[in-house]
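Here the structure is laid out as structure tokens; the discussion comes afterwards.
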Amino acid sequence: MATIRIQAEPFDPAAETAVLTGGRGDVGATVAFTGFCRDEGGRLSALELEHYPGMAEAEIARIAGEAQARWSLSGLTVIHRHGLIRPGEPIVLVLAASAHRRAAFEAAEFMMDYLKTRAPFWKREHLKDGTAGAWVEAKESDDAATERWG
Amino acid sequence: MATIRIQAEPFDPAAETAVLTGGRGDVGATVAFTGFCRDEGGRLSALELEHYPGMAEAEIARIAGEAQARWSLSGLTVIHRHGLIRPGEPIVLVLAASAHRRAAFEAAEFMMDYLKTRAPFWKREHLKDGTAGAWVEAKESDDAATERWG
Amino acid sequence: MKLVYFAWVRERVGKTEETLDLPDGIATIADLVRWLKSKGEEYEYAFENEAVVRAAVDHVHVKPEASIAGAREIAFFPPMTGG
Amino acid sequence: MKLVYFAWVRERVGKTEETLDLPDGIATIADLVRWLKSKGEEYEYAFENEAVVRAAVDHVHVKPEASIAGAREIAFFPPMTGG
């Protein structure tokens, strides 16, 4: 079973990794992806992340289930934050553990591509001048990244 | 410039990540790969890692330079341990930071594929019964993984 | 029928959720969108480019032709930008 | 010429390193391996499957046909198994 959490608070990748690897001799590889808030060349004071409670957990669980069906994983953790997040702060953690590196890499990248295009989160920019800026537009390159998994 | 360390001591992925992301607003993604010693179904008491001092650093620096030429990275850290490593302990860390997730994922996977087949390290098994076992044999699948990068 | 809205769809409709009695003959998401657009300009604005707005029925992504029979909660929102 | 050996090549040769005076006419890694194999059965054993043993000249991977002119340190070792 994957561990999935949607929360406003920051997360601790080291502690999450320890949960997946502690006391085990069968984990050969972990891949930890962390997505951070960028300042977009100093333009942003924060990103605001809105989400659809209930569906966010359900949709990520669906994607995680697909990853676990496609790759042999010993563990899979996804933590996605919501609320106001400042530049340099982490937004999302995907952590995949497996006996072998390729499964861990591919599962983590698969999860991120699907999270970007299927998980019900929406980012809005907050600008340095104190105003709320535009909603971030979905990128075609993210759709293309998702589609390559078939 | 990449950070490259060959050491007997364990490493701290969280601290290494903080070095690459601290105080920066341009990092959007980090991918941290950690390779662990497996017990191979309870057969192993440890892996012993021999390396070629001097060449190990030089070869990893060459591979890291190639990764930095191929992908737009804001940071790249590689730490490879040597000596006796027990099941569950980490052996290698590859940490890639970039504005965008795809570059971070691909650079980290590229580094690992090349480390497996080009970095002068050799693993020998130590068995539960206290004897030194066989040298680990190179895998064709690792060569194939390296070759796909062209 | 409970409807919920997110991000700029929520802003355009002007509310986060509402419960509406749907008239007969509304069988699919597309039917529902067509009916909402007839209800007022806030809905017309929210759905001005129907192809862009996504929908979910009971927390599951669906296409416009999906049936809404038996649905407890229908959501409308822009393309996702999480991760 | 300084030679260094690693892993099972080191075990078979029976030493971690040695400095040898090479006779004239040894221009490449392949020449050097051929000459070493003539020196004793420990080298014959280490290089019994020449295609498997890898070489580096001054910390750089090289092929058997590579020149050793001007080399300071030549290394022989099995295929790498790090990472």
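Structural remarks
Chains here go by letter, A, B, C and D, matching the order in which they are written, and residues are numbered from 1 within each.
Just so we're on the same page, a contact is a pair of C-beta atoms (placed from the backbone, for glycine too) under 8 Å apart; a residue touches a chain by one contact, two chains touch by 3 or more.
This one's a predicted model, so the numbers in the text were calculated from it and none came from an experiment.
Least step count on the touch graph, chain B to chain D: 1. When every chain is reduced to the mean of its CA atoms, the largest separation from chain B belongs to C.
Between chain A and chain B, the centres computed from C-alpha atoms are 23 Å apart.
Centre-to-centre, using mean CA coordinates, chain A is 48 Å away from chain D.
Centroids of chain A and chain C (each the mean of its C-alpha atoms) stand 26 Å apart. Within chain B, contacts with two or more other chains are made by residues 35, 101, 112.
Residues of chain D in contact with at least two other chains: 83. Chain pairs that touch one another: A-B, A-C, B-D.
Touching chain D in their complex are the following residues of chain B: 35, 49-52, 54-55, 58-59, 80, 91-92, 112, 115-124, 135-138, 142. Here chain A touches chain B in the complex through residues 12-14, 17, 21-36, 38-42, 44, 87-88, 99, 101-102, 104-105, 108-109, 112, 145, going by the rule given at the top.
Partner chain B is touched in their complex by these residues of chain D: 4, 6-8, 56, 59-61, 75, 77-83.
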